[in-house]
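Two complexes are shown next, each including subunit A; its partner changes from subunit B in the first to subunit C in the second.
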Partner chain A sequence: MTIAASTELICFVILSGVIITGGLGVILLRNIVYSAFLLGGVFMAVAGLYLLLNASFVAAAQILVYVGAVNVLILFAIMLVNKKEDLKPIKGLQVRRLLSGGVCAGLLALLIRVDLTTPWPVPGPKAIGEKATERIGEHLFTDYLLPFELASVLLLMAMIGAIVLARRDVLLTDVGTGDSVDQGLIEKPISPLLIDKSKS
Partner chain B sequence: MNVSNLIVIHLASTPLAIVSNGIDLELSFTQTMQGLGLSPQVAHIIWLPLPMLLVLVAALVGVLVTVWLERKISAAAQQRIGPEYAGALGILQPMADGLKLLVKEDIIPAKADSLLFTLGPVLVLVPVILSWLIVPFGQNLLISNVGIGIFLWISLSSIQPIGLLMSGYASNNKYSLLGGLRAAAQSISYEIPLALSVLAVVMMSNSLSTVDIVAQQTGAGVLSWNIWRQPIGFVIFWICALAECERLPFDLPEAEEELVAGYQTEYAGMKFALFYLGSYINLVLSALLVSVLYLGGWGFPIPIESLANLINQPINSPLIEVIAGSIGIVMTILKAYLLVFLAILLRWTTPRVRIDQLLDLGWKFLLPISLVNLLFTAALKLSFPSAFGG
Partner chain C sequence: MVESINYQIPLSAFLVLASLLFCIGVWGLINSRNAVRVLMSIELMLNAVNINLMSFSAYLDGDLIRGQVFSVFVITVAAAEAAVGLAILLSLYRNRITIDMENFNLLRW
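What follows is the complex of A and B.
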């Protein structure tokens, strides 16, 4: 075995171990802040796997998007609302846990079966390495243009929704009918979001 | 190729028309080692840590110099003398600071989360040092000419806010938490205009690799530098780099009057020193990258080729190559330290902005301007492909 191959094997074993233990930690730890930090670690380890597969652009994008944006925003949200109070006890928690554990185990069994029965081409297609950036760009602007644009529309919708929820003092009247709309979402949880037409 | 290749000094540099290939230290080193009777693999393994150690030492020495400069320039700005007893002109003062921090007691507050408290500073420092991977001091004088080059730096610098949030949370102190949250918000906001202004440069050089970006700026000396083609991008990048380094006027996360010291409040000794090191290494790194992206990197203001022609020497002669290599290193460092000087001067002459002004500047001014800059660059590239790298 050459030095490069053994390095690759050691890296793969370490990264997979980090991903599995980290993933288990994310769902099993009681402290939600630890879970969020561990999630960042799992994302980094996945980026490491991409590096092993010689997809450096995808690895860097994974770090930038998942660690730098998604995980930071999750942490941000947790830290802004974290009041360090105990959660209310939920009825039948043990049964729920067993059920969700069963569903996850079933999913795992399904994936392992797919993994074992699929005839994987060994060795796989050759990695294109440095040219991958150009190839990804080409695909995004030709045959994957529609999914790409749809994803941006989805993000735009989420953004507009977030702005509407955050700036609730802007629209005091309904744009269509001109009736006054109560948008005090958090202060007055009883008042409805939409105008109740049945009363008038 | 795999991971081990990523950390290898790039051997086959792209042959360029104008720039000579320069000195290849790895080749000569492995040849010497093989001359001593070692196999190429062993020689390669002995070579691997050398450039990394060299760059690590260079980064640390750069920090010492920057700290000394900061002390001296701030003193001059306030009409003081500054450090003068430790060595000539106080040049050993940063060493004394470092030694003091090294032997100070390492305090972890009783109610702090000791694991996250320790991990936080590490997560802040490591990505910054890793980013030195892509800083070129010459055609072959960089640790790794990875294809994704500058993108690697952008993605690595996005790990930093996690470390800041971690140390802010783990300190169990409201000022620390607020400082950490501010740091994360600031670094997310300014990353976008930063990436967009880098994208405009990348569009002109058709490559993410830092070596290619510098190579595209050589040819006509100072006239071919990107700063003339990207003046707006240069200003945006510099502002965003200062904000990412949390330097005044953007040092909101550690605003002394409001937050004691932000996320660093509870830190002492070596853990504090890690934050300190991280911020200064980041400053030097940002200055180096500004010089790579906009000021022609290792290029001399007058093309080396024409100078060599003037004294009738072929560009490939060993003497000229050694001189060109040294000039390249000196020019990179000189440009970077001019920018560091500018940053220090800005720190000691400008007032701090408020947090709402900071976020307004980022989202409502820099982001639209950098988008327009990107579109404008694309239009210019289509209309004048010869001048804007078609």
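What follows is the complex of A and C.
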């Protein structure tokens, strides 16, 4: 085994350890802020795996989009809904956890069996290596042009939708003149949409 | 440099890792009571799928790295999903003043 190969192996072992322990921490830790930061660590480790697989463009996109945007968004959401609440104990929570754990373990066993027993045609054709970024660009502007354009429309819709959904309550009068303002469809005065039945 | 994937790591190692991460995500999705943690679990599952796509693209697809293109699309959709999901969560929180998943049972039969 050459030095390069063993380095690759060591990197893979370390990264997968980080991914698995980080993922377990994300779902098991009590403090949600720790979970969010661990999630960032998991995203970075996944980007490291992509580098190991010779995909530098996707690794960079992963770090930019996931660590830079999604994780920060999650942290902001945690900050905005930051309320210490004691969760009411539910009857049969432990049974529920065990049952779903059993189902997940079964799914895991099934997936691992498929992973290990299928005869993958490895080694396949030679990997492309450093020219991957150029090839991704060619794909995006030739045979994947329609999904690419649809993705841009999807991003625009998601942006507008997120803004509309997350708006704070609005002023129904103009701040300067005091006249009433018709805010149209998207803005509405604050009123609880959902009646909390647990209080009554 | 092109030869730098020398198949020291078998493909199934990547696949097993992705399966583990996916199942962790499923368990967290079912069992979390904090709504933000549910969104985090969804992100974990999307990442597991991305690992699968990337490893298939590196080991089996050769010149046509379609798996990488697909994972770029998955990353895009995941970003949109996270934005909309967190906005829905914010407006739910404003209406119900809680983020406990057990209280979001308005549509329960």
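By definition in this document, the second predicted complex is superposed on the first by the 161 of 200 C-alpha atoms of A that agree within 3 Å, B and C clash if a C-alpha of one lies under 4 Å from a C-alpha of the other, contacts with A are read in each partner's own complex, and residues count from 1 in each chain.
In this text, a residue touches a chain if its C-beta (ideal position, glycine included) is under 8 Å from a C-beta of that chain, and two chains touch if they have at least 3 such contacts.
Values in this document were obtained by computation on a predicted structure and should not be read as measured data.
Look at A:54: by the touch rule set out above, it reaches both subunit B and subunit C. Here subunit B and subunit C are compared by how many residues of subunit A each touches, and C touches more. Of the two partner chains, both subunit B and subunit C are touched by A:8. Residue contacts after overlaying the shared chain place A:100 against subunit C, while subunit B stays out of touching range. By the document's definition of touching, both partners, subunit B and subunit C, reach A:80.
By the touch criterion defined above, A:69 lies against subunit B and subunit C together after alignment on the C-alpha atoms of chain A.
Look at A:39: by the touch rule set out above, it reaches subunit C but stays clear of subunit B.
With both structures placed on the common chain, the touch criterion links A:130 to subunit B and to subunit C.
For the contact definition in use here, the residues of subunit A common to its subunit B contact set and its subunit C contact set are 4, 8, 52, 54, 57, 61, 69, 73, 76, 80, 127, 129-130.
Looking at the complex, you find that subunit A touches subunit B at residues 3-4, 7-8, 11, 33, 37, 40, 44, 51-52, 54, 56-57, 60-61, 63-64, 67-69, 71-73, 75-76, 79-80, 127, 129-130, 133. Against subunit A, in their complex, subunit B makes its touches with residues 1-6, 41, 45, 116, 146-148, 151-152, 154-156, 158-159, 161-162, 165-166, 168-169, 177, 180-181, 184-185, 188, 191, 208.
Against subunit C, the residues of subunit A that register as touching in their complex are 1, 4-6, 8-9, 12, 16, 19-20, 23-24, 26-27, 32, 35-36, 39, 42-43, 46, 49-50, 52-55, 57-58, 61-62, 65-66, 69-70, 73-74, 76-78, 80-81, 83, 85, 87-88, 90, 96-97, 100-101, 104-105, 107-108, 111-112, 115-116, 120-130, 132, 135-136, 139-140, 144, 147, 151, 154-155, 157-159, 161-166, 190, 192-194, 196, 198.
Those residues of subunit C that touch subunit A in the complex are listed here as 1-17, 19-28, 30-37, 39-41, 43-44, 47, 50-51, 54-55, 57-66, 68-69, 71-73, 75-84, 86-91, 93-100, 102-103, 106.
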